[in-house]
Each structure stands twice: as C-alpha cells, then as structure tokens.
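After this come two complexes, each holding chain A, first together with chain B and then together with chain C.
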Partner chain A sequence: MRSILTVAILAAALPAGAAELRFATTSDPNTLDPNAGNSAPVFSLLGNVYEGLVRRGRGMEIEPALATAWEPIDGGAGWRFTLREGVKFHGGEDFTAEDVLFSYERASSEQSDTSSWFAGVDRVEIVDPTTVEFYTETPNPIFVDGIANWMMMDQGWAETNGAERPNIEQGNFATLNANGTGPYRITERQPGLKTELEAFDGWWGEDRGNVTSVVYTPVQNSATAVAALLSGELDLIEPVPLQDVRRVADADGVDTIQGIEARVIMLGFPHDADALIAGGEGNPFADVRVRQAVAKAINVPAILQTVMRGSAEQATQLIGPGLRGFSEAVGPTEYDPEGAKALLAEAGYGDGFAFSFKCTNDRYLNDEAVCTAINTMLAQVGLKPLFETMPVANYWPALRAEDHDMYLLGWSPGTFDAEHPIRFLLATPDEEAKLGSWNFGGYSNARVDELLPQIQAEIDETARQAMIDELVQITSDEMAYVPLYIQPLVWGVKAGMEVVQRPDNFLVLRWIEMPE
Partner chain B sequence: MSDLPDAARQGPKPTGRLEEAEVVAPSRWKTIWDADISYSFRQSPVAMGAAFVTLVMVLAAVFAPLVATTNPFDPSSLNLMNGFSAPGVPNAFTGETFFLGTDDQGRDVWSTILYGLRISLFVGAMAVAFAMILGITLGLLAGYLGGWTETIIMRVADVQLTFPSILVALLIFGVARGVIPIEYRDQMAIWVLIIAIGLSDWVQFARVVRGATLVEKNKEYVQAARLIGRKPGAIMLRHILPNVLSPVLVIATISLALAIIAEATLSFLGVGAPPTQPSLGTLIRIGQDFLFSGEWWILFFPACTLLALALSVNLLGDWLRDALNPRLR
Partner chain C sequence: MLAYIIRRIFQSIIVLLAVGLVAFSMFRFVGDPIEQLLGQERTVQDVERLREALGLNDPFPVQYATFLGRAATGDFGISYRQSRPVAEIIAERAPATLELAFVSGFLALTVGIGLGVFTAIRRDGWAANAIMSLSLVGVSLPTFLIGILLIYVFGVQLRWLPTFGRGDVVDLGWWTTGFLTTSGLKSLILPSITLGLFQMTLIMRLVRSEMLEVLRQDYIRFARARGLSAKSVNFRHALKNTMVPVITVTGLQLGAIIAFAIITETVFQWPGVGLLFINAVQFVDIPVMAAYLMLISVMFVMINLLVDILYVWVDPRLRIDGRHT
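Here is the complex of A and B:
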C-alpha cells in the first residue's frame, strides 16, 4: 500500500537504465491462454503480456488501454468503444476491430473459462475500423468494470497456430505461447520451471519503469523462496509466509509490503450431487442443517490466531469489507461444536458420515495447514472427512470433473464488486447464459437467479444494496458456502524497489522501478 | 593342557554312540555367546551403542501409546490453540505445557515423534521384508536356472537400477493413487508406501543372491543333491539359500536404514503418509516451513530422531558386514 503513495511521475521518464527483475510466486500459471484459466496467477502474469480494452490504474480505477474512450449506447442498450490506433502485437501484426470481435468470440465461447464476463451480452458489432459496439440484453452499468482482464488476441496468429478456441483440458499452441500487445513479451516459457520476459520495444504506452528483462520462477516451498530473497537471489517473492514476515521485515536489504487481499477463502459443498464420491447413501450436504453444522464446527478465530498468525480477518460473506456491495446484513458464524453435533443428530447424521475433503497445497497462504486444522475440527464433531491435498495444477481439473465433495476455494472478485461472486459462484450453472462457471457444487436458488440480473442492471445504489443484502441473507441462511477468512497479502521485495501491490494480488511489471 | 583329560572325565561315560556327545555340547546361550559374531559385537562399542539406540527406538515405537502423553492421530484430543507452543513453555492461550513443544496443528511433538517413529519403522521393516522376499526369490531363480529366466530377470533389474529408486517409488505411488478408490486411500497409503519402496529396492537383493547362487550351484553338495534326485525348488531353498544368506543379512540391515529414509523422503515430498497420520518425514516437511520463523523444535526433534535411527541402523549394518566378512577376521 505504501508504494501507491510513493508513486513517482514516470510518464516521460522511460528506462533510465536497464534493470533485471527476478521474482517468484508459489503457483505457476497453469496456462498462457488468457481464456483457459480464470485465475489470478494467470491474469497477473498475462496482464503484462496481453492487454484489454480497459485496464486498472494504480488506484484500481478503470482507465483506457486498447480503447481510448467508451460510452453507453442510447438508453442502456450497450457500450461503444473507440479503439486505439497504431497498436502492434508482439509479432508485428496490427491491432484491429476484427481482433476485438475475434477475442470476444474466443473469450465468450463454450470452451472458454471466462465466458461469464459476457453473460447478458447479446451481440458485438464493428461499426468502423476504430469503433466497436457491445449490445447487452438488459442495461449493464458495470460491464466495463468486468472486462479489465479480457485480453485482446490477434486473429491471424490464433488461426495460423490452430488456437482459435481455448482448450482447457488438452491445451494448444496458445497454452505455451503468447502474442499480445502488452509492455512485455514472453521470450521463454518452461511450465513449472521458468518463464522469461523482456520489454517490448513496440509498445504504445509510456508509463513503464526501468525493468527490461524479467525472470519468473515458481518456488513451491515458501521457506526456499524466503531464503532466496534474503540471499539476494530473488528481488521479489509473493507471498512471504506469515510465519516469516517479521524475519523478512527485520532483515537488511529487504522489505515487506503488506495489505489485505480482496480474496475470501471459503469451503464449497456438493449441492447437486446425488451421492458423495466417498460412497454411502445419498448426499447429506443437500440438507442445510449439515452445511450449517460444518460452519459451526469450524473455529475460524483459532485458525486465524495460530495458523494465520493473527494477520487475517474472519469473513462473513463471499467478499470482504470495503468492496462495493459489501452487506452488513450478516455476521460471522459463531464456533459452536455442541450446536454442530445437535444439528447433525437432528439431520439424522448423529454418527457422522464419510466424505471427501479436497484442498490445495500451493495456492493460498497456508492452505494445507488451514485444511488440516479444519479436518481436525470436523472430526471433533463426529464427521469423517477423507482429507486430501494436491497442487493446484491437479486441483482445478478434479473440481471440474466433479471429483469432489467438500472443497476449499478462494475467490477474489475481478470487478471489486459483490456482483462478481454471485455471477460466478452462486448463480445456477448455465453454459448458455454463461453463469455459475465456478459454481462447482451446483448451488441453485431461484430467488438468487432472479436477483442477479436485477442487481446487474440497477443503477440506484440503495436499491442495489437492498437486493444484495437480501441475496447475501439467503445464501448465508442456506450456507451455500462457508466463508472462512479474508486472505492477507504480504510481498517481500528487495529494499529500494518501487512496487505497487494491487489488492487482487496482480504484479504489474511496468510499475516496478528497480534501484540503480 | 593337562586339565583336559580332567574335563573329559567329568563327561558321561563314553558309549561309542554319536548322539551321546550332545550332552557335552554347551548350552544354546553359550553357543551364541561364543560365536564369532557375538565376540565381534562385544569388541565393538560402536555396534553396541548403535544396537542400544535402535532397541530403544523400536521399544518406544512399539509401546508408543504407553509412552506418549497424547494420541496425535486422534482428532478429538487436539486443540488448535495449543499450536506453536515452545518446549517446556506454557502456551499463551491454553496454559498447557509440552516438553518438546507442539507443531502448527497443536500436536504434541513428543507424542507425534513416537507415533511417527512407529510408521517409519513399520514401513521400513515391511518394505525391506518385501524387497528381500522378492529379491531372493528372483535372484535364486536367475542364478540357479540360468538361460532365459536369468536374462529376463537380470535385464529388468539392470533397467530398474538406471532409475533412481525414489523415482520408481514416486511412479508406483502415483499409479496406486489413481487406481485406489478415495475411501480406501488413507488406509492404503501405508501399504502403497511399503510396496513402492519395496519394489524400488529388490534389485540389490536379487543381484547378490544370483551372484552367490552361481558360485554355490557348482559346488559338490549341490551336485550331490541333484544326483540323488532332489527337486530344483528344494535344492534352492534347503541347500543354496542358507549358504547365501549372510550377504543378504548385511544388505537387509543397510536397506532398512535406506527404506526409513526413503519413506521420510516420500512423506517429505508430500506423497507418503497422509497428513493426518504424520511419519517422521511428514513431521520434518511440516517443520521445515517454520525453520526461519523461530519455531525450531517442530523440525529439530523429528530430524534428530530420524538421524539417530538411520545412523544407528546403518552402523549396525556396517558392523555386520565386517563381522561376516571372512577376509577381515
């Protein structure tokens, strides 16, 4: 946060001296295809390589990128974008209105992981070479906020290389190669090992720091990353494990940057499953009392106190306070193991039941330790979780393949608005309407589905908040997810570096200024 | 020397029959005590020390429920708020004291080491037993039968030797995970570990046994057994096997130390014992995260235990190798 305040005016001051940045994070982006993985590690890296029509500035405000201006079309029928001229892709191709249409079709296709961004978009029209219009079924005042991660691809490049559509499962050319218009281009990509970038000379923009070459290494073990930062082998690590924050902060030559991430960690349930994958009769999680019992069984304050070292905040809903649309209507679920046992007995599961409990071990801060603690707490009220942790590369495919019962999920709303998790996590999954694409458990509530389009179209803040409050109350009563806590954000950097830490945990390379 | 007839006189009256000589034979205990191997053991303080440490650890593992203060595998006994208690210092929230401290989940490190030791020793011993049975069988067959049998077995062994054993174990573990249904995975994890380590380790046994069998099978006693019409199976088991066992014992002891370390490595990599039933390797993996942050006890005590166990078993193996080597006597 501190560095946002210390932002220098660099606009005209292009690279004073060339500098190299070496950084590490825990999870390697599982793809370079901007439509094949709707997750922060993917967008964080690709945001430096590809660009959208709009982007977020240092204060998270929406600012022009490949579109220079935009305006609503009369009466809320849609949005009109004016495109920037003279923009080149890394391969030398020109950026055209056809590329926008192609990128829309690609990103909103059935095979795409990002189609929910275009829920409610009726059609896209090219008016002239620099004007593109998006027509929506209902007025959508927050449409522009929702497409900051929508990245423009070159139609010719994608077609030549057989990557017209993303391929999430098998991958294709665009999984390992990238051709964007952004300030950095990828020069080497070894998944899981190393990714190298260098500054793109033909970039249209000017607001770029002195970093000219970048080496990114995924380091799964956070203790190793800390050691590498302290020894000067790395310039930036994300995250700094919570237990090591003090040590890094006290060490010479390195600094920590701390903030609160816009990410809520939660537990998901298999709402629509007929039976659990762990076997047994029926689906106990279909009973709301069982879901409430799970929430009551988990002592979130204890987890935050010990595993998270007192540096996280309990969550009450699927977004954190401070984001647009945060609801004051609900409070946190109190820890009540006896109440949990009573609810289970009432639901007819007094002796517990076996279910699979899946967790990542390299995606969120201390995820495995948090899950181990949850596993213990669930066992203490008589449940029989079959606990399993795996790297995120295996985790998403398992969830997508319905190979899960209860699971851990972290969600950071790309739009910084309460509507985002409703659309992705709470709306009934519907491929056609591009809704509920990360609602792995298939949670479905008619009133929620009814409220969502109204929330999207409502311009009056009070009326909108009232609807969000109602929706949050419903999903909280039904315990659609168990919100656990809001993830803290800690980066470790070399002293003297200027870095902007975005609350969505994206690393923007062009905002980095390395010390001389 | 003049006493000798005296001693003979004290014996039973000679009857001229061979069986009667048994009576003068020393007791079984004395036989063991006088054996070269026992003598060599008594002469080696290192061997005695190593044996003592190993014995203590085995006893501690076997009687873990009696020695441990809590059962770390029983979730109902855990309190997360006890997490990160330093050794011997009362916990800031619960006031409980743990003399070796607790880990991040509030598990008592002392109890967890004892239970972890159990898993490590059990997996190590079973894996070596499995590798030994497999290796001896295949080695005997290869050495005695020769021809195609030998070529196939020994080439498979050669190929396997070119892969690092931990890689073979990882491969087997990965396949097993895919095949076993989720509800059995936790229970099966230990057996998968045993088979994975055992399968990656049989080659040494097979090679040594085959080599020794090649030498033995041309000796006269084997020829004689064959002449009187004993079946090949009986010859291999009753005649050759007892004569090739001493190098096998040496390998088995050293393999035990390696198997314990292999188990720790696999668990350290997060593919071994389930996180709810930590072995020494799992404990070290967990503790490693806290190495920089001051909670040294989570790593230190399990690591020392593993070190002491692996070292003493290894030293025992070394001593046994020297003691059984006729050239060094």
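Here is the complex of A and C:
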C-alpha cells in the first residue's frame, strides 16, 4: 500500500508533459453558445473551438479563416465571401454554405446577443456551394471587421439537439456543448469549475503550437491564482494583479507578459442635465471650460506611475493606438493645475462647486484607487467632488437612471475600429436608431451625428480617416470625455512558454508553445 | 411533547418565510441582472425582451410568491449566469462543501477535545500554556489570512500540498468524492484546517474549562480517593460529564462550518456551494442566491429544531413541564 501511495505522489509531483497547458482566468465564460454571450471571456475561449469566416491574426489584422477570400459587391451593395472547402466540424459534419446561412440567421435572431453585428444586413444569399453574399442597406466598409467573432455552427447539429436559436434565459444544448471547426474541441465542461479541451486532429490549418490538451480553471481570487502559478500548478494566469507583478517577475520559473488592452478608461460628464444631482444652481459641466479644467487638473502620468505601477499608457482619444482609424490629430491633455484654476475662475466657478463623482470598484483594473487619486486631484484645484464607488452590478443601473454627474467609464471597441465608440459613446442617444446607447451624459453635437453615417459608409480609407480626424478634433476640443489611459494587460506564465498576447485579451491556444 | 414539537415546527416555517422575504427584498439592491447577462452591444429591445422573459417586470410580491410556489415543489428556477436549473447546480456543488465541512468538523472535534483534555489535566505545564497561547491565533486571525498563510507556506514554499481546487474526484453517480484519490485527500488538508481552526480552538477552550470545572467536583475527588487510575478518572468520569455542552455547541457550529465555508472556498477555489454563492452575488444571479439562502436557513432551522427536541429528550424536567402546558 505504501509503495502504491509513493508512486502516486511521485506521479503527481512530476512536471507536466510539454504538451499540456493548465491556465486560469478570474471569470468563467457564462456559456458555450457563441450567440448567447457577447463578452471577451466567451469569445476568448470559443475562438479556439469555433471559427468565423474571418479571424484576427497576431497583430489583430483580419485574415482568412473559413472564407478564403472576400470582396465588396459592386459599388458597396454588400460583401461576397468565398468559402474554404474540405472543412469538417468536430462531429465530422462538412462545413457548407447552408451552415453560413444558418449561422447568420441564428446570430442575428431576436434571441441572440450578437444581433447588432448584422444591424445593416438586408439579406444573405447562397450563390453556389462556395460563395455567399451579404447585402447591406448602405455601403459598409467595416462589415468584415465586425464579424471576426461571428462563429460558424453546423445546422444539422444545432437542429438535432434543439439549439436552432440561442436561449439566454433558459439555456439549451449549445450552452454546455460545442461543435465547431476550430483547432480545439471541448471534451469536458463544468460551468464555473473546469473546462477541458483537446487538439482537434481534423483541423484544416497548420499554424499551431505543441499544446494538445488544455485544462482551464476559473480562479476568482487572484492571490490564489498567483500562488498556484508560483507553485507550478498553473502554467498561465490572467490577469496578474498589478501589485503582484514585481513578485511574479522576480520569482524563479515564472515570467510576466505585459501589454496594453484595447480598453480606454475615461471620465464622462452630465452634458444634457439641467442641474447636478449634487444640488446647486444649473449645470457647470455644460461649460466647456469647466470640462477642460477637469482634464487639466488630472495628472494622468502620476496615476499611471503610482496606481498602475507604470504599466499603462496615457490615452489621447477614445481608442488606443494601433486600432483602425486611430487619429494622430490630437495629443494628450497636459497636467496644468494653474491653468485649470484659471479656467474655472473664467467660467465663474473660482470657488469650485459640488458634484457627484461615481466610480466602479470591481470592473476595471484598480478602478477604485484611480478614482481616489482623481478625487484628490480635483479637490486640489478647488472642485468639491462627492466621491462614491460601487460594484458594477449597481453602477450601470445608476448611470442609466441618470443618477450621476461625473463618472468613470471604460470602453473596448468590439470592432477594433474608431467608429465603434463614436456610435456608442458620442452619437446623440436614439433608441430607434440604436445610437448612443452608452452615452449616459447625453453628449450631442450635430456635426458628430452628421459625420457618423458618412464614416460608416465611406469605402475610401483616406477620406474616412479625414472625417474621423475631424470628429476626434471636435470631441477633443469640446472635451466630451476626458480620455485617461489605456488599460494594461498582465499575464503570468511559466518560464520559457511562448504566448501571443493581443490587445483584445484573447488567449489563442494554437499559438502557445510549451517548453520541453 | 408532541404539541411542543408541532409548535416548534410551525415557528420554523414562519422563520423560513421571513428569511425568504428579507432575502427577496434585498435582491433589488444587489443590482440589475440584465447588465451582466447581455454584452455591451445590446439594444433596448434585447433588454426588454429578456426582462420580460425572466419575469423581472413583475411586481415584487408576485416575484416572491412565484418563487415560494416553485420552491415548495423543489424547483428553484434557472440560474441567470449558467442557464441551468439551480437545483441541478446545487446538487453538483453540495458534495464538495459537505465533505469539506465533514473533515473540518471531524478535525475540530477530535483535535479540539484531545487538546482540551490535555490542557486541563496539565494545567500548568509549559506545553499546555503554549497550546493555550497558540489557540488565541485560531480565534483571532481571520479565515482569509490563515488560508493565504497556509497556501504560501505549504503550497508555494514547501510545495507539499496543492494551492487550490479539489484534486481528482471520483463520480459515484449521485455524489462526487475526493476521499478516494491521493490528490483529492491532499487537496482537503489545507482548506479543512483553515475552515475548522476556529471551531477547533473553540471546542478546545470549552472542553478545557468544563473539565477544570468537573475535576473540582466531589465525585472526582472520591474517585481519586478510591485509588482509581488517572486515566480512568480523567476519561471515564470527568470527560463524559463535560460532553453535554460540547455536543450542543458542536451541533450549532456544524451549521456555521457549512454556512461560513464561503470564505475558505473562495480562498482555495473549492468548488462548493459557498463559491457558487459568491459568484451569484457578483453576477446578480438571483435564483441561485435565493436558493442558497433558503437552504442555509432550512439547515439552521432544522439544527435548532433538533437541538430543542434533544433538550426535551435529555432533560426530564422540560418533558414534565411540556405535559402541563
């Protein structure tokens, strides 16, 4: 008995095989259904299992996946895709044009959380077994960028298992099972506890590393995850808390990989309010000088140095550099507390004024600490913020209920294009047209509203960039939001591992090379 | 006797209804589940459709009544977060919590009684004094810190034991157990010590003071005078008479172990119902929160009811009084 036990302990203590990956993230994807969840954790995991017509490469560029080529249909009436031949689903079914049409109907259905990707699509037609055409109401130059997370499902599999449509509230077969064409297939799924994947031998592609089996465990408490990484029980954790970065970087056998996420953290203003919820006469934030004073009062480099431990980058606009449509037209606002005081005095608020300043405390990296610093900086120029933090579950309802003055907001553009935050954060709110749905402050500028549809429809890159530059300049001059910084990404990995970290924070398993 | 029990059961039901009502009225302040369910590209139409489908537009009394009606038949609804029946999820997670609680309770009881007797007999020995001082740590340090410390020492530095999770489990169909695999047993050590430490020190201190009390009694002196061995006096005569309050406290503490496993489970990523509850709070998963709170309150009410009945059974005076009323 003793010898058997010893052997078992030894086996457990041996280093994992080169081809196994054990990783942890803080939150588990809530579903395996690619249309029942629209969040980074879901797409990050499912991107290894399902594939779209197109996908993003190592540098976020769009590249062929289940479509080998695509082109605009004459004059911008839509897009024509040529499908890859000989592709098989994990269950052995052939990938066909009918599956594309089915996946479109499923993803754009009323029950789907991804229907906004297809908002301007009129109809989809199968021309021949390898050609599918998407017709859009207006020319849409970024249609292809917008569908990189749209995943192809097998029609037969979905129908046999009663999962023709996603079911967010009740769940169905596709909530717990997956059948994609991707390089990995799911072999076990215990929601919230453990997910196991294994390399799919029948995958059509060749660009893959040496990971053949994967154990994914969500670990909510990041101190526990760091301990498990240090003890060698995990090979990769995401994220490493900023206060532990130094410790992980200095430890033997582990490394950190740092980069920036595509998420910009900013401050929002109550543009359209008649009065502040903190009381007092009128809405001082309606005056552009007050908004500029707020921007000048905040020492972003100091926040990045202390609170973010030097791992974030100052933002100049609502998207980060490297994304499509990034504008070189504007620079960061310089820290200038004297200038801020002068502007406030000029606007008639030399003695400051009280306003509510709301923040999340569980949504963005170190959000509460960042806001505490901002709160102090605003007080230093004579403003009187009434600072309040809350969990995100209460935060969004408060903002939607107009129960806010100044607030913190982070935005990660799903399309990786400048148009995305314009549509959601800068356009005048309009429920019918589905515009400005996260523009809680009600910012409104006629020229911005006029430029948005033109940017959406302009095929010519140079002309499009000129319009984006103009729009970014306007919103920067008007200080619609105060862009603060681009959120950092820090992963902890076993030493010697090769991993690709993209700004969308997706973990692409097939690019991982484990050390021998 | 029967009337007494029936009255206690009736009171228990009222307590349960009250817990449910308080819990439900608090859920409105936990946040809006829709925010967590739909992505940032949702439309107002999506929000409205889902709100209607989940019954969130119903007035509060209707929601509560619906919940009670279903819960009475064992249907706790469908988790917002996992889109699966809550009863199924809880059944999956319960073995992890119950096994952890069982091992913690067992450790607390055996080690607690053993050390309690030891420190009472060797009242002035240096070992007993050292144990008493150390037990202050168990009473005063928060569970969270003890867990992290144990992980750091035995998981990261010494690498003897796993830092998180339950190890390999054996599925028996209706129950998953970690008792049958080496990694499962190793995984149990740190969390069960973390969870049981407070109860262990509590029982130890209780046994010690009760023992000291009993050892002063006349019958112990007579037993000693009769020339009985120290072992026989200490364990057969003294310890037996200290057990009544210990059993009462242990019963109540067992409930506490299960209910407060939340923190230990979070620190060790232990896949039990406590971790499930923490997740549910984070994601405003109201059906899971409601079911968990109801189950925990049912458990506490049951334990209290049993203890009350045991009192009647143990103490004849209560029985006679009960007959008169």
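Here, the second predicted complex is superposed on the first by the 290 of 516 C-alpha atoms of A that agree within 3 Å, B and C clash if a C-alpha of one lies under 4 Å from a C-alpha of the other, contacts with A are read in each partner's own complex, and residues count from 1 in each chain.
FYI, a residue touches a chain if its C-beta (ideal position, glycine included) is under 8 Å from a C-beta of that chain, and two chains touch if they have at least 3 such contacts.
Note that the structure is predicted; figures quoted are calculated from it, not measured.
Asks: Please work out whether A:S437 is in contact with chain B alone, chain C alone, both, or neither, and reply first, second, both or neither.
Replies: In the superposed model, A:S437 contacts chain C only, not chain B.
Asks: With the two structures laid over each other on chain A, which partner does A:D113 touch: chain B (first), chain C (second), both, or neither?
Replies: second
Asks: Applying the document's definition of touch, where does A:Y184 land relative to chain B and chain C: first, second, both, or neither?
Replies: Neither partner.
Asks: Touch test for A:W79: chain B only (first), chain C only (second), both, or neither?
Replies: neither
Asks: Of chain B and chain C, which one contacts the greater number of residues in chain A?
Replies: When the residues of chain A touched by each partner are counted, C comes out ahead.
Asks: Taking the superposition as given, does A:A223 touch the first partner, chain B, the second, chain C, both, or neither?
Replies: Once the two structures are laid over each other on A, A:A223 reaches both partners.
Asks: In the overlay, answer first, second, both or neither for which of chain B and chain C A:A393 touches.
Replies: It touches chain C, and chain B stays clear.
Asks: Counting only touches as set out at the top, which of chain B and chain C does A:F326 meet: first, second, both, neither?
Replies: Touch partners of A:F326: none, neither chain B nor chain C.
Asks: Residues on chain A in contact with chain B in one complex and with chain C in the other?
Replies: 221, 223, 227
Asks: Enumerate the contact residues on chain B facing chain A in the complex.
Replies: Residues of chain B touching chain A: 75-76, 78, 80-81, 83-84, 93, 104-106, 181-183, 185-186, 270, 274-276, 286, 288-295.
Asks: Where on chain A is chain C touching in the complex?
Replies: 5, 8-9, 12, 30-31, 36-39, 110-111, 113-117, 167-172, 175-176, 190-193, 217-221, 223-225, 227-228, 230-233, 362, 391-394, 396-397, 412, 414, 424, 431, 434, 437-438
Asks: In their shared complex, at which residues does chain A touch chain B?
Replies: 221-223, 226-227, 241, 243-244, 246-247, 277-279, 299, 302-303, 305-307, 354, 356, 361, 368-369, 372-373, 375-377, 379-380, 386-389
Asks: Provide the residue numbers of chain C that touch chain A in the complex, in ascending order.
Replies: 29-33, 35-46, 49-50, 53-54, 78, 80-84, 89, 92, 148, 151-152, 155-156, 159, 162-165, 182-183, 186, 266-269, 271, 275-276, 278-279, 282-284
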